[in-house]
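What follows is chain A paired twice: with chain B in the first complex and chain C in the second.
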Partner chain A sequence: MRWLRALRPILESLSAIIVGLIVGSILMVFFKYQPLKAYAALFKGAFGSTGDILETLAFSVPIMLTAITFALGVRTGLFNIGAEGQMYLGAIGAVAVAGLLHLPPVIHVLAATLAGMVAGALWSVIPALLKVWRGVHEVISTIMFNWIAYHFSIYLAIYFLAQPGRAERTVPALPTARYPVLVEGSTLTAVIFVAWAFCLFVYFYLWGTRAGYELRLVGENPHAARYAGASAKKAILISFLLGGVAAGLAGASQIIGRPPAWSLYATLGNVSSLGFDGIGVALIGRNHPLGGILAAILYGALAHGGRYMEYQAGVDSEMVRAINGIIIVALSIPELWAIIKRSIKR
Partner chain B sequence: MSQQRIFWIIAIIIIAGLAFYGIEIAGLKPLSILEATFLAMTPLVLAAVGECINEKAGVVNIGLEGILLITSVLGVYGAELFGNGWGGLLFGVLIGALIGLFMGLISVYAKAAQVVAGMGINIFALGFVPFLLRAIWAFPGIHLFPRTLMVQPLPTPIGRINPVTIIAIATAVLGSLLLHRTVLGFRIKACGERPEAADVAGIRVDLIRVFTATLGGALCGLGGAFMPLGWFGGVVKEISAGRGFIALACVVFAGLEPLLALAAAFIFGFAEGFAYAVAITPGVKEVIPFYFVHMIPYVTTLLVVTIAIGQRRFPAASGLPYSRE
Partner chain C sequence: MSPEFSIEMKSIHKVYPDGTVALRGVDFELRSGEIVGLLGENGAGKTTLMKILSGLLPPTSGEIYYNGKPVHFRNPSDALKLGIGMVHQYFALVPPFTALENILLGQEKAGRLSPLDLKGAREKVKALMEETGLSVPLDTPIELLSAGVQQRVEILKVLYRGTDVLILDEPTSYLTPLEVEELFKVMRRLKAQGKAIVFITHKLREVVEISDRIQVLRNGVVTGKLPASEATFDKLAIMMVGKEVIPQAVRSEAEPGEPVLKVKDLYVMSDFGTMAVKGISFEVMAGEIFGIAGVEGNGQSELVQAITGLRRPVKGEIWLKNSNVTAFGPRKLYSLGLSHIPEDKSKFGLAMNFDLAENSILGRQWEPQFAGAFGRLNWDNILKFTDRLIKSFNVVAPGVRTPVKSLSGGNQQRLLVGRELSKEPSLVVAAHPTRGLDIASTVYIRELLIKMRDAGKAVLLVSADLDEILELSDRVAVMYEGEFLGVGDIKEFAREEIGMMMGGVRVRK
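Up next is the complex of A and B:
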């Protein structure tokens, strides 16, 4: 049975997803939709053609990064749900550099990416300091910062970054600041390699460096960490800042790495909720940066297929987000796997 | 009542009085701000008092935002179903109680990680509410319902006050009495502090926790249904706008004391009422972009929590599942 134990995290995540889909179908039946038709459309939409698979991958980019924000928090013993706001600011930072500055080709992309990362990190500084200095719970501080970021970003988008003559969105990223589209006609760009590289970097940081080890130790066993001389304050600060960098990159990826808009809608419509999606992705991926990549592809499939589901079965594509919520609830139950195993045996 | 609590309440009354005086000098209408404050504080009080009680018993539910969202939509649905605003409020209470019951059951019997489960409820609501709007009214945007379904406010000497606001204030008083003056209250506190001792003393820890979680959900549901039916007159997917988390901030500020939570909700409600008043004041609205006005409640929440935190003590077993060994 050893192979079963090794597979257990994957099986647990999969069973949570199945629970989510089942509860989702019950809700659909309740409101007189046809769940089988909806799910058939969803999976066809997600994997039906090569183009769809590329779209699914494009959808996975921002959420694997916002998943890192949450996962880093969990690894440090924090419940950091501030990715949403940090992502907005990351998008704003990327728009400002990509749309307003004129720089040589390669440098422009790098500068815009960096601007997004820095803006995201800056937005995480105050919640981090409040946590370290005053012990303000991060659930409250990060959510308040998300809402402040929401209004602040719309303000910046409309007052300083608006495209003349088109009030509904900001100036687009200049061609020099755009990641190249990988396959003509898809929205998948080279930014996915940056996202993967970032996930790998976080993996090596957490499991390959002393600072990463201390960060995990603080999360797993604060008492042992104190004995080992690891500073909890430093770990919390790093966790927040690196999480902010990840979320900022997620926001930037939607501006300089996602056609056709190449800009931020003034309603933040093309980035909103991607930060919260990351929470589910992180949990499905077991709060591991590499697990997050796989989980993001799964959730990216749901998100992309959801649009086809809305078109075919009339079910609002936001239903996918509700299913994500159910998956999170299912994953919060440590005995879910035991409960399922018991009921199978019976 | 401890000295510190009395100090806080007196300080809040004085600050509020000065603030209203200052507002009158500045040319805003204090009565309309007071009315707006009462409206804005109502969902906060209801959600926060319920949360105080279930956290005292050991169940931490951070899914308040999700409950507010879902019950605001289903409250309107219920009101249209029954043709009556009060019917809608009751429907909201029922749905809130069901979500609270679910939260209680998975926390107690399935030993769920409560913070994760609560966040799951929030994210579920984020997607479920647009789904509901489209499923019920076939339109994803704002839904306005007939004015006749509104729960009408009562005229009082200090402005028009909604009956639900009075219920909310009464809930805070009754919640405080329940926790500190009744046997059930002592049992609730025992379940949060020392579940094993409570168990030995013959208290059913599981039932108390499920009961308080259900009660907390029901109160939150009343707050959620109140938002469209007593206040806004319509429902959108962003209707609660973080109020569930502001209610959590009230709970943290109050250290789980319902009366202090009422005071905190008054502060935050005032911040929101003040923001509305500023947003519509001629001379101000042209200078300050209303995006900054919208930030006032969130900034106030952060400031108050940052200043007030530190002296609070929370039940030893709050948020932890209890099982007999």
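Up next is the complex of A and C:
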């Protein structure tokens, strides 16, 4: 019976997928599409060839990281939805170091990565301090900071980082600052190893260290945390900062680890919504850093494979997005339900 | 001819879904124009009985008669229709709403979208205030009013619904002496207007002062019914706590050593902003169990929280062995040898969704055996330690990686007690350590506390269960409204004497 209990989250997710697919097909039948053909195209598009698999993996990189931002928040009892803004700033930090500085090869990649992580973390400091000092609710402060980040990043991109002669985007990352493409012709770069390593690190931190234990304890039962002598303020700060680092890395990964742009569009078009997508990924991954890796691949498959639905099964792109949305929502329900139950009890 | 009593409850039984028997055949009567005091300690069944009369709980068996006719209440509004209303111990007011809005809440005579007739309602409430002498500022938000005024709002709220039978559950808990006098004036006035009032309390002086008749409950049974004029404190105390002598658990004579815990002139504030602990001083020696008896809510929780680092005292000092630990947090106190068995295990002592292993290091997570260099958790040691706890404290659990919420209450408490007592403490603070547990776990945990005493530890036991105090303590203090009414060797006190002090009557200096 014990293995059954361990399998329960996976079984729940599988049945959620089936429910999502059924609801999606009802929608398609209603609008006179062919569900089976569409889903076949979706699957083939996502995993049909080596190139497709690589593409799916490339899509998974930023969202597994922004998922960590949200998951860390939930584990500390927070609803931190600031990944979007922190991710923008991470991209800006990476652009500045990767495009403007001239550094030796390996060092340049590391410096640009670090710049993205630090910029993301810095953007999380103020909401974190507002929460700890004044009890400002993180939903309010992070939404506001997302908007500030949005306009601030566009401003920086246009006025300080724009590529001369091409105002629609920033200076590209210099070749010394780029992660190597893994297979010629794909957009998957070595930055995925950095993302995986980061997920592993967070996993180890949460379950393998005393500080991580205390962080989870604060989220699970703040009274017991106080009894145990664990500082809630410290846990909240760490949760915000580490989440900011993850989101910053996500932003940087799209600049120095994702061809063909190697730069940030002035509309933020090549990064926008990656932070919010992380919320869904985190929920599907049960707010677990390793679950997030799998959930991000699934999410990447929907994003990448969805394109095939459009031109192979003739499903309009808006419908593709609606169906993807239905599947994501269905998958998020088990974890969302758990979070709601916990907050009602409190 | 109208019957003698306006309300009669006959042979009421109540068994809660979890199997707890709260009432075992209780009769209760009420005339209009009288105040009946319903007296008893924690868990005697007072509140349960009145929740049944006000329609909040269904009785398991038994009948209720209203003016001689049998009635069945499905919910509180059924009871309200007959004019029976209850003011609960914990206020149910909406803090940002004004007093007037709170009084009208649920009684708005308007459609969902049509405007409230605030003007007409205001006139009616004003008339009611005039008539009863209960005056409150109608336009001030509730959160800005003191506990005493909030209580008046609660009473007005119930009276506004046309109540003839008013039930007040421990109404003086959060009131100052002056506010209590005010409340009594109002109660007398209401009585003169022909209303019947049930006054639930554990306070002897108050019940004698205000009631016409007194009915005493103990363990769900009526142990006394008498006119207040015939009541004496010791008579009531015996009815409330019984007379039988509880044998002390089999054990040797205490051999008290040096004082381990010293509390000097301690003042602690409650969450409600009132002073919960008012200048208490005492010492607990190594090798003794010092018991604090008292009805819950008399400042015991705040006292324990101050001693265990969970609440900052306002004034006074706490010494653990030779250190002044008054401002210390839990972590520092634990390192000085404190073990704390908290009053609410699911709130403070355990994280219910964490597994046994994670809970077995809760509060001990920085001990070198569990966390090594860079704060890395040593899971090998943690799992071995959890196994040891399970074996040596007889915890029945499916496995060390199961969430503790799937354990029975008794096993949860065994794990918690095991974790705390295996620390090699010098001071054990145990608050209600056996509340709600099965008999086997209760006996087991009491034996463990005696073992700790025999091993030379200082044990501070706080319990609302008088039997537990009498069985375990070497010395005892009775706490009432934030003060100790008596401190001394357990042999110096008769049971009814402690009962009187629990009811707020000081027997001797």
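Basically, the second predicted complex is superposed on the first by the 289 of 346 C-alpha atoms of A that agree within 3 Å, B and C clash if a C-alpha of one lies under 4 Å from a C-alpha of the other, contacts with A are read in each partner's own complex, and residues count from 1 in each chain.
Following the convention adopted for this analysis, contacts are C-beta pairs under 8 Å (C-beta built on N, C-alpha and C of every residue); 3 or more make two chains touch, one makes a residue touch a chain.
If you're wondering where the values come from, they're calculated on a predicted model, not measured in any experiment.
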Which of chain B and chain C A:Phe276 touches, first, second, both or neither: first
Which of chain B and chain C A:Ile154 touches, first, second, both or neither: first
Partner touching more residues of chain A, whether chain B or chain C: B
Chain B versus chain C as contact partner of A:Gly229, first or second or both or neither: second
Which superposed partner A:Thr267 touches (first chain B, second chain C, both, neither): neither
Partner chain in contact with A:Ser49 - chain B first, chain C second, else both or neither: neither
In the complex, chain A residues that touch chain B: 27, 31-33, 79, 81, 130, 134-137, 139-141, 143-148, 151-152, 154-155, 159, 273, 276, 279-280, 283, 315-316, 318-336, 339
Chain B - residues contacting chain A, complex: 62, 66, 106, 110-117, 119-136, 140, 241-242, 245-246, 248-249, 252, 289, 291-292, 294-295, 298-299, 301-302, 305-306, 309-310
Contact set on chain C toward chain A in their complex: 309-310, 329-332, 334, 340, 342, 347-354, 358, 361-363, 365-366, 370-371, 374-377, 379, 398-399
Parts of chain A lying in touch with chain C, wherever the complex brings them together: 2, 207-211, 213-214, 216-217, 220-221, 223-224, 226-230
